[in-house]
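There are structures below to look over.
One chain, chain A, links the two complexes that follow: it is found with chain B in the first and with chain C in the second.
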Partner chain A sequence: MKPIKQYAYLFDTTRCIDCRACMIACTVENQVPMNDSYIWVAGKDVIGEYPNLKRATMPYHCMHCLEPSCASACIVGAWQKREDGPVVYDDTKCIGCRYCMNACPFDVPHFEWDKGIAGGALITKCQMCKQRLEVGQEPACVQTCPTGALTFGERQELIAEAHKRINTHPTRYINHVYGETENGGTSYLILSHVPFKELGLPEIAPTPVNAVSETVMSGTLPFAFTWGAVLTGVALLVRLRNRGKEIAAAEVIETEKSTEETK
Partner chain B sequence: MTNTLSRRDFLKLSGAAALGGFIPPQAAHAAHKAGQINAKGEGYISTLCEMCVWRCGVLAKVKEGRVVKLEGNPEHAHARGNLCPRGQAGVMTTYDPDRVLTPLIRVGKRGEGKFRKASWEEALDLVAENMLSIKQKYGAEAMVFSSTHNLSQVQFENLLQAFGSPNYGTQRSLCFNAMIVSNLMTYGMEEPARDYSQVKYIILTGRNLAEAISNSETGDLIQAIDRGAKMIYLDPRHTKTAGKAAEWLAIRPGTDLAFHLALINVIVTEKLYNQNFVSQYTTGFDELANSVRAYTPEWAATLTEIPAETIRRIAHEFSAAGSYALAHNGWRTSNFVNSFQTERAITILNALVGNWGTMMLAGAGEESGALGKPPQPAYPRVAATRLDGVPWKYPFVPLKIGVFQQLRDSILSEEPYAAHGWFTSRQNPVLSLPDRQRTLQAFAKMDFVVTVDIIMNDTAWFSDVVLPEASYLERFDPLAMLGNRIFIRQPVIEPQGEARSALWIYKQLGQRLGISDFFQYKDEEDYLRQQLAPTRVSLEELRASGYADMSQTKKSEANKAPHWNTPSGKIEIKSALLAKAGYAALPAWEEPLAPRGGQFYLLTGKGARQTQFGTQNNKLLHKYEDEQRLWMNAKTAASLGLKDNDLVEVKSEVGKVYVKLEATQAIRPDCVYLMPGFGHISKGLTTAYGLGASDSDLHITYTDPVSGSQALSQTFVTVKKVERS
Partner chain C sequence: MKMYIALNPRLRLTPLVWVLLTLMSVGFVVAMIRYVNGIGAISNLTNAYSWGFWISFDLYTGVAIGSGAFIMASIVYIFDLKEFRPLLRSAVLTGFIGYIMVIIALLVDLGRPERIWHMMIYQNHTSILLEIGICVMSYTAVLAIEFAPVVFEGIKWQKFAQLIHRFIMPFVILGVVLSTLHQSSLGSLQLIQPTKLHPLWWTPLLPLMFFSSAVCIGLAMIIFESSLSSRAFGRGLETHLLEKLAKALPIALGIYLILKFGDLAFSGDFQYLFTSGTMSWLFWGEIIIGVLIPLFMFLFKRVRQSPSGLLFGAVTLLLGMILNRFNVSWFAISRSTDIVYFPSWMEVSISAAIFAAGILAFGLAARYLPLFEHEES
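Right after this comes the complex of A and B.
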C-alpha cells in the first residue's frame, strides 16, 4: 500500500478528566440533535472495590479506519476514506440499508431510528470535522480539550509520539497503541493505563474485517446488484415523499415560532 | 416536562440564513472594520466567557448576526485556546429559550410566578420609587444588595455605595472565606497564585480540579502529573481527580486539620523544613514547634483513619521535594467550623518547605491599576452597622466579601435593625444559601425585591421586578486586566429582546435615584473609553484584537526580596492579628461535630458541567450531564436494603428532600454526596425546574466565628427508601 499523509487523533486516558467538553463542542460545531451524539463516554469509569479504585473513561467516536468496513459493506458507495484521514459519508447516496452498522466492528454508525426509513432517516457519525480541516482547524473536540488528552496530527507522527510516551513511562501505560494495527489500522489512536476492554474497546485482529467480508461479498455480487436496484427504487420513492414532508415541517416550525412570539 | 432539545431548538440556535446582502449588526461593526468578519458576515470576535469566574478568553464565531460556536482564545492565559464544557455550552446560555427578554413586574402573589411585561421606563421608575421610599422611611441601610463575582460588580458596588447602604452580600462566605481570611492572616493577601510549571509533589486537600474546573489550572495539574509530579489527593469521595492521583486518601470528614497538623509535626520534629527560609521570612516558628508536639501521626491516624506510617511518609516526601512541593492552599475535603484552622495549617506547611517564589507567587489578581475610571464624588458616609456582622462581629472578613448567611439571619431576627428591600444582581441566594426555608422567609419579609438576571432564576421568581440583563455575549462590561493584558468583554451579537447591559441598567437607576454624579458616562463605550484614557490604547484597537498589552513589570521589581502585607512583613506562622483578637494564633486541633447512629456525613462538591446555581437550565450541559443522584457506598446501601436508582428520602434537622440513589464504590461508607445546584423551584426554568434536589434544603447554618465561612459539612442526614406509589 502506498503511504499517504493522513491525519489522526491520539487519545491518552491518563490525561482525560471526563469533563465532556469534547462532546459539547462536537454537538455545537456539527449541530448534532439533542437525541444523537457523535461522541459518547465509554469505559467503566470506576474500576475496583472501595477503597482500591481506579478511573478510566474515553470519548468514543468513529475510529476512521484505514480500510473502513462501513465503506466496503456499503452497496451504493456512500462511504469514502479520504486521503487526509476522515471516513466521510454522502447522505445523498445513502439508501438507509444499515449494512454499514452491521459491518462496523466498533459499532459506530448510528441510524436515526426515531425517524425510520420512511421518515428519510440517515446514518450519523463523526466525520473528523471535515469542514474545519478544510480551513486548517483541528476537529472541535481536540481544539477544546482542556488537558491535552486529545491531540491531532499526522498519523505516523502520532504513532511515534504514542510509542515515545510508552517508552518514557513504561509502568504508566499498557504497552500497546490501540488503532495502530486494529482492523488494519485506524486514525483514532488510543493510549491507556487500563486494559482496552475496560474502555469498551473490542479486541480486534489486525486483519481488517473487510478482507473477510470482501471475499464473501464478491460471491454475492449479482445478488447485491439486484437488491441494490430494489433499494434504490425504494430510496427514490422515499425521497420524493420526504420533499413534501420537509416543506410541511418547515411550515409547522414557522407557525410554532410565530405562536411563541405572540405569547 | 421535557428535557430534550428538539431539532426545532437547534434551528433556532444556528439561525436561519438571512436573505439579501449582509449588513453587519452594530455588535459586529468593529470586527467587520478590522477585517475579522467577511463579506458573508462570518468570522470570529474576541470576548470573555462568563460561564464561571475563571473568565477565559473566547473567540466567538458569528454568522449573520448569530453566534454559532465558541473557541478558547489562544492569547488568553486562562484559556490557551481551550474551553471547558461550560464554556463550550455558552451559546445555549445566550439562546436559552427561557431567557427573560423584557422587564417584568409581578402581578400575582410573591412566588406565584405571575408577571406582566413592562417597559424599561416603567420598571426602572418603579424600582427607583421603591428604593427611595425605603430609604426615606427606614434609611438607606434598609436596602440590602447582593451580587456574585462578575465584571460589572464594580458598578454594582458603586450603586450601593452611592445609594448609601452598607449591606452587601456575596457568595464567598458559602465558598472560600476560610481560605481568604487564612491567607490574609498568614501572607497578607487574599489568594497567592500557584505555579505548577516546576512542581514535583502536590497535596490536594479536596481541590477537585478535574471536576471543579479552572480551565488553565486544571490543564496545569494534568500536565504536571504527565511530566511525573506525584499527586496525593485527600477526599472522602473518589472523584475524577482521585482517578489521577498517585495516592487517594479517603480521609474522614472534618479531620483535614489533624492530617496537616501531623505533617507539620513530622517536618518540625525531624527538622525537615527549609531552615534558611523559615528563619529569614517567617515569624512564630518556635511557638509552632511547641504547639504541634502532641500532633503525632499516631494521634492523627485515629482521627483521620489514615495510617500513621502513610502520614509520616508523605511528610518525608513532601519536605524532600522542598521548594517544589505544593500543598494546594485553597480548599478542603469537607467544610467544618475548623476549616479556617485547616487552611492556616496548609499555608504554614507551604511556608515550612519555603516554596514561595517557585510554587506560590504574589496573587495575579484582577487589579485594574493601569486603567482609569469615570470621575465621581466621594461616597456618602454610612453610619449604620452592617447586618452581616462585618467588621463588628467578624473583624477579619473583608467588606467586599461579607458573611452572606449572617446577613440572611439578621434580616430574619431584625437585629440590629430590620431590612425592607433586597436588590440582587446575577446571583441566586434562594438556592445557594443554606436552609432554604429560612431564605424564603427572609424574602417574604421584604417590602420590595428586585433582581437583575438573564433568566428567571429562583430569586427572580420571588421578586417584584425582574430586569433583563443582556447575556455575556451581548454586552460590554467594565475592562479588567489579566497580568499585563487588558481584555475586553464586548457584544458579539445584538442583545435579544429588550435586554440591556448592567452598565446601562445601573446608570439609569442612578439617574432616578438622584445619584447620577456617580455614573458619569454616556454609554457603555464611553465608560470603556474613560477606562482606557491613561493607556494610549483606543477602544477600536481593543475591540478588534480583543486584548492589549501594557508595559511589563520591571525585572528588578520581580527580583526584589519578598515582602508580605502582614503586621511583621513576613509570613506569619503565628498570626499577630489573630492573637490580638483573642483567637488561636497557631492552628490547634478543634474536634468537629460528627454524625450520630444512623446518620451520614452529607458531602458537597462541584461537577464538571455546572457552575454553582446558575447553569442548570442550559440544555447543552444537560445533554451530557449525569443525573443528579445521592451517592452512597454500595456496601452500605446493600446493608440498608437500598439499590441503585431507589427513590430515597434524605432528611436533616432542617429539611428533607427526595432523590434517586447511586450505589457506588467511590465514597466512604459513612458519607453520602449530593451535587449542589439542582432542585430549582422557579417554574420559569423549564429545563431545571423539578430536576433533582437541593442540598440547601438540608444544610444547617453554621458560621465559623473567625472567617465567617459557612460550615457546609456540619449537616448530617438520614436516608431511607420511599416506596413509589
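Right after this comes the complex of A and C.
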C-alpha cells in the first residue's frame, strides 16, 4: 500500500511580489467575503537602514501544526489533524467558545462576529482547500501564485527543497526553515530573506505550546480520586477525634457526678 | 434556642429594587440584540480579543468569588467545626447563585449557546475547558443539593430536609473535589498560551496559584458577604467567627506569596518584576492590594475584631485578587494587534444585568427562606 503523503506548503519571501492573488483565489474558492479571507497578507514596511533596505510580504494562513493546540484545546474536539496534512474543522460540533483562538500561538482561527443564533456563528480558518485535495488538486492559493512563491507538496520533500535553496544561496536567505520545528513542526514552511520576527512570526520552541496543559490534564482524574480519598480520610479522622473528646468529656462529668454523690 | 429564620416576608419595591430591575431589563434587550445580530453587534470583541470582559469578569471573577461556598463547606463538614454553622447557609447560597450567574453569562458569550450540551457528548479529553465545563455544571448541581434543605425547611417539608442532611457528606466531599479542580483549572486554562501570557504570570504552577488564591478569596468572600448582609438586613454580625477566619488569612496569603515569588525566583523571571513597564505595575498592583495590605492588616487583633476593619481588609484582598484574574485572562496576554480592546457599554450591561439578578435573587431568598441563624430567648 502506498503510504499517505503528508502535504505541506512552502512559502519563499524572495519570490513574492505582493500581488495578493492568493487572497482573491482563497475567497473565491471558499466563498467567503474579502474581509473574512482565510489568508491575510501583511505587506511589511521597508526594513533596515539605507542603503541596505529590504522589503518583504508575508501571506498568513493556518500553519497546520503537526500537534495543533486548537485541537488540544477544543472542548468538543471539533478540530482534527488529518494524516495527509490539513487541520480540519467539524462545524457540526463547535459550540463557539473561541478557546481555540486563545490557544493558537499564530492567532489563526477567526470567529463570525456578525452572526446571531439563526445565522449560526462558527470559527473560520484555512483548511488546506480539503475539497480540492480530494480531487487531486492543489490549494487555490498555490495554484494561483504567479511567481511560485507558494508551493505545495510532500512535507519532507519541501523541507529538503527549502534547505537546498538556502545552501544554493546562503547569502540570500536566513539560515532557518520556519515551521520545520516550530511548535513541534508545522505544515506551512517559510523561507525568508528578512528575520522571521520582521514578518510577524512568533518565536516558538520545538515543544508544542499545549505540552504543559496536556500533562496537567492527564493528571486530573488521578488527582481527583486521591484528593477525594484524602478529604474523606480527614473528615473521618476529625470525627473520630471529636467523638473521643465527647466521650472523654462525658466521662469527666460522670466521675464528677459520682464523686459528688459519694460526698 | 437557636433556629434559622426568614428575615422579612414582605417584598417592598425600594429604589434599589427598581435600579436592579432596570439593569436587568436593559441587559435583556441587549442580549436579544446579540442573539439576533451576533456578538459583534453588542461587543468590542475582535479576532485578536476573542475573550474579553465577559470571560474576565463573569467567568474568572464569578467563579473566584464563588469559592466561599466550598471553603465554608470544608470548614463545617470536613473539619467538623460546628461553631461556623451560622455562616454556612448564606455562603452556599452565594455560591449557588454565583454559579448560575456564570452559566447565564456563558450562554451569552458562547457563539452557539444552543449547542452547550455538545460538551457532554463530544468530549475532548485534552481540553482544560472540558474539565471546567463539567466541574461547573456538576458543582452547581452539588450546591443545589447542599442548599435544598434550606428550601425544604422554608416550605415546611422537614422530612426531606432531614433526609438530605443525613446523606450530605458524600456530596460535600464531591463538591470540594469539584471546586478544587475547576478553581485550579481556570489557571490551567491559560497554560496553553506560554508564548502569549506574560512570564510574570505564565508558570506550570498556574493551577496551584489559582487554587491557593481561591482559598484566600473564599475566606475573604465569607467576611465580605456576612458584613454586607448584616448591614443590609440589619442583623448582628458574627464578629467572633469572622475573626477566626481573618486569623487564617495571613497564613493562606503567606503561602500564596511564597508560591508566587518562589516560582519567579526558580524560573528566573525575577527580572520582569521591574523591567516590564505596565506589566510590572499590574503585577505589583495585585500583590500589594490583594496580598500584602490584607496580610499586614489581618495580623492585628484590633483589625480582626472591628467590623469595619474586617470589611476593609476583605474588600482590599478581593479587589487585588480580581485584578489577578483580569491580568491572567486579559491584561497580560499579548495580542497580534496594536488596537487596544475596551468593552462596550452593552457588554458591561449584560454583566450588570446578571449581577443585578443575582443580588435580587439573594435578597428574595434572604426574605423568604430560613437563611440566617436567630437566637431565640
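The criterion applied here is as follows: the second predicted complex is superposed on the first by the 197 of 263 C-alpha atoms of A that agree within 3 Å, B and C clash if a C-alpha of one lies under 4 Å from a C-alpha of the other, contacts with A are read in each partner's own complex, and residues count from 1 in each chain.
Just so we're on the same page, a residue touches a chain if its C-beta (ideal position, glycine included) is under 8 Å from a C-beta of that chain, and two chains touch if they have at least 3 such contacts.
Computed from a predicted structure; not experimentally measured.
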Original post:
Does the superposition put A:T151 against chain B (first), chain C (second), both, or neither?
Top reply: neither
**OP:** Go through the superposed model and pick first if A:C94 touches only chain B, second if only chain C, both, or neither.
**Re:** second
**OP:** Give one of first, second, both or neither to describe whether A:V28 is in contact with chain B, with chain C, with both, or with none.
**Re:** first
**OP:** Pick one for A:E49: touches chain B only (first), chain C only (second), both, or neither.
**Re:** first
Original post:
If you stack the two complexes on chain A, which partner ends up touching A:Q127: first (chain B), second (chain C), both, or neither?
Top reply: neither
**OP:** Spot which of chain B and chain C makes contact with more residues of chain A, would you?
**Re:** C
**OP:** Applying the touch criterion given at the start, work out whether A:G200 contacts chain B, chain C, both or neither, answering first, second, both or neither.
**Re:** second
**OP:** For A:T186, select first, second, both or neither according to whether it touches chain B, chain C, the two together, or no partner.
**Re:** neither
Original post:
In the complex formed with chain B, which residues of chain A make contact?
Top reply: 14-15, 17-21, 23-25, 27-29, 31, 33-35, 37, 41, 46, 48-51, 53-56, 140, 143-149, 169, 253, 256
Original post:
Once bound in the complex, which stretches of chain C touch chain A?
Top reply: 34-41, 43, 45-48, 50-51, 74, 77-80, 110-116, 118-119, 122-131, 133, 169, 173-174, 176-177, 180-181, 185, 188-196, 204, 207, 333, 335-336
Subject >> Residues on chain B engaged by chain A in the complex (per definition of touch) >> reply: 4-11, 13-14, 68-72, 81-85, 87-89, 91, 210-211, 213, 215-216, 218-219, 222-223, 225-226, 228, 238, 240-244, 248, 250, 608-609, 619-621, 623-624, 633-635, 664-669
**OP:** Mind listing the chain A positions that touch chain C in their complex?
**Re:** 69, 71-78, 93-99, 101-103, 105, 107, 110-123, 200, 202-204, 209-210, 212-214, 216-217, 220, 223-224, 227-228, 231-232, 234-235, 238-239, 242
